[in-house]
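Following this line, the structures themselves.
What follows is a pair of complexes built around subunit A, which joins subunit B in one and subunit C in the other.
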Partner chain A sequence: MTRWLPTLLLTLAPAAVADTRSFVDRPDLPAEAVQSGSAFLTAETRALQADDFANPGYLWVERGRELFGSGEKACSSCHQADTLAGAAAHYPQYDAAAGALLNLEARINRCRQSHQALPPLAYEAEELLALTAYVATLSQGQAITVAIGGAAAPYFQQGRAYYFQRRGQLNLACNQCHDDHWGKQLRGDTISQGQPNAWPAYRLEWQTFGSLHRRIRDCDAGVRAEPQASGSEIYTSLELYLAWRARGLSLESPGIRR
Partner chain B sequence: MSTTIRIAAPKQASRGEVLELKALIRHPMETGYRRDLYGKQIPENILTRFECLYNGERVFAGELFRAIAADPFLTFYTVALESGTLEFRWVGQDGQRYSESVELEVL
Partner chain C sequence: MLLSQLAQASDSLPPLAQVDASPAQGERIFVAREAGHCVLCHQVQGLDAPFQGNLGPDLSGVGSRLSAGQIRLRIVDAARLNPDTIMPPYYRSEGLTQVAAAYHGRTVLSAEQIEHLVAWLATLEQPDG
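Entry: the complex of A and B
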């Protein structure tokens, strides 16, 4: 029996090697294949997103606009709304003063603490969603382009590693659905590419508005992995990878998603 | 009571014109049947009534129930008769009141 074992192992080896390729060897979604999540929605949902009255996401945008201009030291006392056009399309971004990678939510909270003497808002708080939605909407239609070099590089690698890491009881990595099988059916749903360009978005399943991190938590829970905290460094890094991967897609927030 | 309300109504209309009015309100319309992450029942919280008043006269009303989705969006029609105020009112299950008014000029 012991004489047979090495032969058996050798026979199995090639298949095992192919399956355990390190994430660094795996290809990213090719730029020419990139498609917004809108492409995988029904025509009715797309129409709802496009109608800027019926789209319920605008309830948060409207609230955000009010918050932006209110308070003792309002956001609008430093930022003219039009100077922020395009800004949201370049997040997450490394911030030297903070010494960390910041997404739009984190940037707003940094501003509150360092310039407005206000406490940071909880990640999924209505006010933070509203402000993020408003600022994101100012960049609607702009192409997403993020910097991944320099100080952002380690975050990018970390986010990319998370994307290609198998996890949870189902032992699935993000890429297995969103790179390898997008466009196919997962029960009644068409698998999207997991693009971040509509977020923050109104999700029909939630019957409310939510952040990209909340959406990613649902994906992690879906493969029965422990979801990470919203606003955590790992999710912000993943957001950076996703934003880079969405290269060229235009920002759609407030989107409508299933 | 404060919430976000969006109204789409024409600012001007000619007499006799049919007006399309749209009203959207931020409300969770919680059924009372769902449970949270910890298994605790989420209490029912719904709107029960909607009304639209044109210069104080009711031109449209409806009852709302649990089966209606969050952030109810209503579209309805009325006829422009005279300049005045369109008032949109919602009533919550515990008598909470939400309202928004817009001015209409009839030429």
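Entry: the complex of A and C
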């Protein structure tokens, strides 16, 4: 009997060991499985998003268009709108001058500071949402493609690690719902793949327009984890991982989401 | 102690609290959003709750398949059986990451709530046919 004891103790030991491990050794969602969040909406919500006149997100797009062309030194004084077609589909992007990974919101704020002598806008400010929505809309229908090599690589790894890390009182990692169980029902809702291609978006639950980072904060809060700050490096890194994971999906902003 | 008994012991847990466990209260905890809200992921045939989820296993008749102790362990911390499980730990406050301040040091359910829940689930018998 005694010779069994060490084995038994080993067998029982996992009960006492924390399982907050990361699933970072797990495979990524295969590219052929990738589906936009639109696929998990009701037909009515999809129709609402597709109708430029009914989609409330266009209120922000229109406001963004005005802002883009206004001010002492307008965005449009450097950027012809058509030269920005496709740009948003390649963000987040490492910026050597900034020495940091920038998403679209951060890119716009860098421009304000470096080229327009304007203060940066607060992350969830209506004006920043509007400008981001407008610039994103210029890339509507373009395939999401981001660079993850070189200086972007450490951010990518950090974002991927966040995605596969269990967290919160509910001890859940993003991949457990959005890779392993998408398509299943959480009561009346179908779990999506957590794709970022429609953001910024109008969220029905908020009854307003918001950023991807705000949406991710809700996911973290949903598993009872302390959310990170919107615009933080960690969320921008996660955004890079999500954009890479969404590679090939069409940019849909302004989306409508539950 | 025989090996089989030890194996069984690691697959189940004794009661967490001395409580007059009430299946009716357990059923409420299973459904209520502000309590367990187990229907978010699980179904039970005949339960009065619309849109039951299907992320986790169907629990109809679970009392015929698992003992009360086995059900309890799976609610307390199913990761002890399967480290990859998506089932959250409902009675654990240690070894977690980035827990929101409001939930620090607290378990999702209380020992009493889990005892009510176990009492109700243990009554669920395999439906005929």
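Here is the rule we go by: the second predicted complex is superposed on the first by the 239 of 258 C-alpha atoms of A that agree within 3 Å, B and C clash if a C-alpha of one lies under 4 Å from a C-alpha of the other, contacts with A are read in each partner's own complex, and residues count from 1 in each chain.
Quick note on the criterion: a contact is a pair of C-beta atoms (placed from the backbone, for glycine too) under 8 Å apart; a residue touches a chain by one contact, two chains touch by 3 or more.
These numbers were taken from a predicted model, which means no experiment stands behind them.
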First, second, both or neither for A:H181, with subunit B first and subunit C second: second
First (subunit B), second (subunit C), both or neither touched by A:Y58: first
Subunit B or subunit C, by number of subunit A residues touched: C
Subunit B versus subunit C as contact partner of A:T208, first or second or both or neither: first
Subunit C partner contacts - residues on subunit A that touch it in the complex: 4, 8, 11-12, 14-15, 17-21, 23, 165-172, 176-177, 180-181, 184-188, 191, 220-221, 223-227
Residue numbers on subunit B that touch subunit A, as the complex places them: 4, 6, 8, 22, 24, 26, 28-29, 69-71, 73
Residues of subunit A defined as touching subunit B within the complex: 53-54, 56, 58-60, 62-63, 207-208
Touching residues on subunit C, where the partner in the complex is subunit A: 3, 6, 10, 39-41, 50-55, 77, 79-80, 83-84, 86, 88-89, 92-103, 106, 108
